[in-house]
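Chain lettering (A, B, C and D) follows the sequence in which the chains are written, and residue indices restart at 1 in each chain.
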């Protein structure tokens, strides 16, 4: 804990939804999230493997998007150290009181220098573990939050922030072609999986998706069958398929508001501190989908806007200086 | 249709249960059977792949057991031909009027020369096909009835009856050891799978189990997890595992009354009319469980009594003249 | 056997390949077909569940395509009856002597009224069953031939030929939209699965693909991973995915010559003689892919030419009078 | 790194084998380990997910057993700190020079106070990653080393050593029944999975097994089929099944020398520093096998002897003061 803090893992995310009943039908009745608690404007959800109050919060809102995403920190004293480093890098911060977000202890809410609303917290109420309560496995059988994928114009700066200042390890990168390749995307982790957060080049600040794990490929196939016969045919944006990056098996979904979640399974353990990042070229056809199926344009065009903790309005969005997608999709643009 | 009739497949079975609520919790809430219809003393169930009124009938009764099992016949005129051959072989018969069994047309109920209550029918009401209505897949996701397994003292005579008189094909047999091997068990089929009925040597007439298919091995694993966390730990009598005979993947269950069902998946297509039966020796350790796990003694000792259509009482049971189990279990007996 | 013959099932198919080494690397080393026998210009292959000499013959040829496809017939006397009906419907026939095709008994080769080379045979040499010899399971673990899919201008006439004259049952159909829907495709079976042959509207006579089963969805996922890392990325034309029609899970592959095979698993048992065909509309987005993924244009444009038994040349091809694909693909054409 | 060292994960284990050809047939040809290197008396193996020289070393020896097991440490300076703490607790140590164990940098070999030969190392040569080279997936498709399970008379002392002195976290424990429960077993982790090492009460010091991961349940089923048809029927000691502890899916195997390996998949991510251990009672029938199948007596009686680094002879073994198995197995003992 040389930095004075120790980030544990991606902890939870807040999705803004315009119709709570529709959102509940999607996340609870169909994907199988467990309901911990609800109030007039929030639904607090967790996966079957999650042991604390929530990994996904749905908040009733006039427009879809992301309220904030949050990392769990090992000790409360670490929050003050994060406050200092965030401010030193141009972020603004405010303290979130215990219970201000249900089930959560004291937390630090940062609007970072890229415009993302990122929360850091240490304590969250323990909840019943459903892992071996198989009678509660329903729908897509979502197990736990795994990662966030964010999109922004300058992935290289965000890389330095997350790796140098926040202490993330890098497992994989994507670079542009040419003699002077630019960093195009990076997969960064604190817990010992492929990633807790991925940084992607594109219009931003926006959140591209939140990834939740399922137990195996069969669960993803079952989820696809279920969605296809439950009126969610158009929710299935991409997959099922195998990623090149991460090697995971995936299915990308859009909720009724267009917020994007990934069902995800089968990446690897990355505990080694001297891990040499896997390097991909942006145009490699197997990078995104190992089986070669092209990624739809919506995947590059659409992402979730993020709410500014300062203004309460959605952050304005800027375009990257380098290309935001592989050449074969640029051609079709 | 040289015989004047054409048996299509194993069609349905009637299980006697002492507590309908408990039975429903097991078959519907946990195994995922679809309810077609219920009345005061019956519950008519079908699998997700079944297209007609029922493949399993639960009948409220003072004691558990089997009311009857039934084969579907291609044309109604075939029923009269079966009546003739059944009587010629010492069976007794009676006609079941349309609707006497809910959803079913005219049928012939035979008490065969071995004491089994066997129904033959041609028409059953069509029901909604759930095959692609994945929102209705629950629990063990039972797909369809596959086969009956019956136990009786003289399997060789039953073999001749089913093969020579009723026109079944034989896919696999088990024989005793020694220079004059006796037929110990046979797997017989009309539809193009491993079997519609298996004949096993043992105290009888009794029905050993009814086999219902699931889609794949994952479904069986999921079912085991579900049963183990739903209070049905003791229901799991044997498996999951791979059969030597049939090559299918299995899990044997006892319902709350002790009636036995098999979840079954992954046998083969047996359409060839010149199929040469696979031959097994009774003592081969891989015969019952390809992975070598020993079969519990209850599997040989316990089976379902059958109700006599003539007397309405359970048929009395006789013992076989040859051994009723492999030597390694005889030693332990 | 009212017609004097009894077709059992789709039996085998002959693919023409220009480079036997390349073909062997694809079919044997990668897909895991079992080699029964080879000679200078043929490779005789079977699946792990096949019990006879071959279900796929690769024949060295100057151009790719299909030499013939073949149905197994129950008894040899049936072949003469088929000869009569084929001639009566405008087909031409010739007798194939025992051993003329390796491992096969006497057979009838028909060039049917639509220009397809169709063989009928009763006897084929028995081979070792690999079903439980799991040490021989390799690659995509192909189990057995399941069906042929043929393309021709007039599917309705072919439907009458196969159903009325050859005795096939119909499990599913696709019709065009509108008040006078035309039959666009049909799935026909002799064995108790979804189909032995499918008839599709398009330029023909051509064979669209041969379908081979694998054991489950995991096998298809494993095959996709293997193909993607063995230099066969471009071989994966469509899938993996779930079919609407047949409900099977699929992956379509093009061999190094462009011949098309389907890996196929998870359809249903269709033993009932009064089966009511499932009806699909051509434009239904879930018809071809239950999860909604669009079918590539190559799937409609490309198919295998067939060799005329009379001339030894490829049959000339005609176009259908009705549209040959769904409207959303016509628009893109 | 408050302790001056940071243990990363279970790194590798050395199994002693009496017949290298037989061992290779088992581990390489059947289980699918990747061969990194071989010399006259060693075979260096890794899994498909391993990125360094070896996770399993087979060493030709007069008797089976374990030469040593090893933990990876984050930085080389940490090794000296471990030396100090090991000596302070009564262990003996010696330095292993770079290359003395092939592919490995400088290491510390400890004979700990319980008699186990435990190596600590920081550097190992990088090897080609097979994770996405699916053409190299064979047999049981072993992915990576996951954990060691050791057996010793005093699990409580070992718990204090691993947790208090070496910094392991505890995910699950088993305790004896009664008003003063004793610690019977513990699952301890450094990497973010269920465990890197498990401590079990029994005659010791002995190593009970080494656990290697596979990708999913299907891989374990496939492995069971393969082993059963490759002459390894008796190698399958226990499973496949679901563990209560760890929730993982498992199959226990004995190699030709009786050394024990576990194929293991599907536990959970345990990154949280405030993880509250799951508590099990020794007699809970679902603790070892969630589906209730009894554990064979051999699982409690048999384990691998360990070689003393000081004497080069197998460590002598002592019995625990508390019972070494559940009551239902004690009764049968």
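Here, a residue touches a chain if its C-beta (ideal position, glycine included) is under 8 Å from a C-beta of that chain, and two chains touch if they have at least 3 such contacts.
Everything quoted here is computed from the prediction, not taken from an experiment.
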item	value
Contact-richer chain pair (by C-beta pairs counted) among A-B and B-D	B-D
Centroid comparison with chain D (C-alpha atoms), farthest chain	C
Intercentroid distance (Cα basis), chain D paired with chain A, Å	34
Whole-Å gap separating chain A and chain B, where each centre is the average of the chain's CA atoms	50
Separation of chain B from chain D, taking each centre as the mean of its C-alpha atoms, in whole Å	44
Touching two or more other chains - residue numbers and ranges from chain D	132, 216-218, 225, 228-229, 290
In the complex with chain A, residue positions of chain C that touch it	217-218, 221, 224-225, 227-229, 233-234, 236, 240, 242, 249, 285-286, 290-292
Chain A residues within the chain B interface of the complex	132-135, 137, 216, 218, 222, 225-226, 228-230
Complex contact set, residues of chain D against chain A	6, 8-9, 49, 51, 72, 74-75, 126, 129, 131-132, 144, 190-193, 215-218, 244, 247, 266, 268-269, 271-273, 275-276, 278, 290
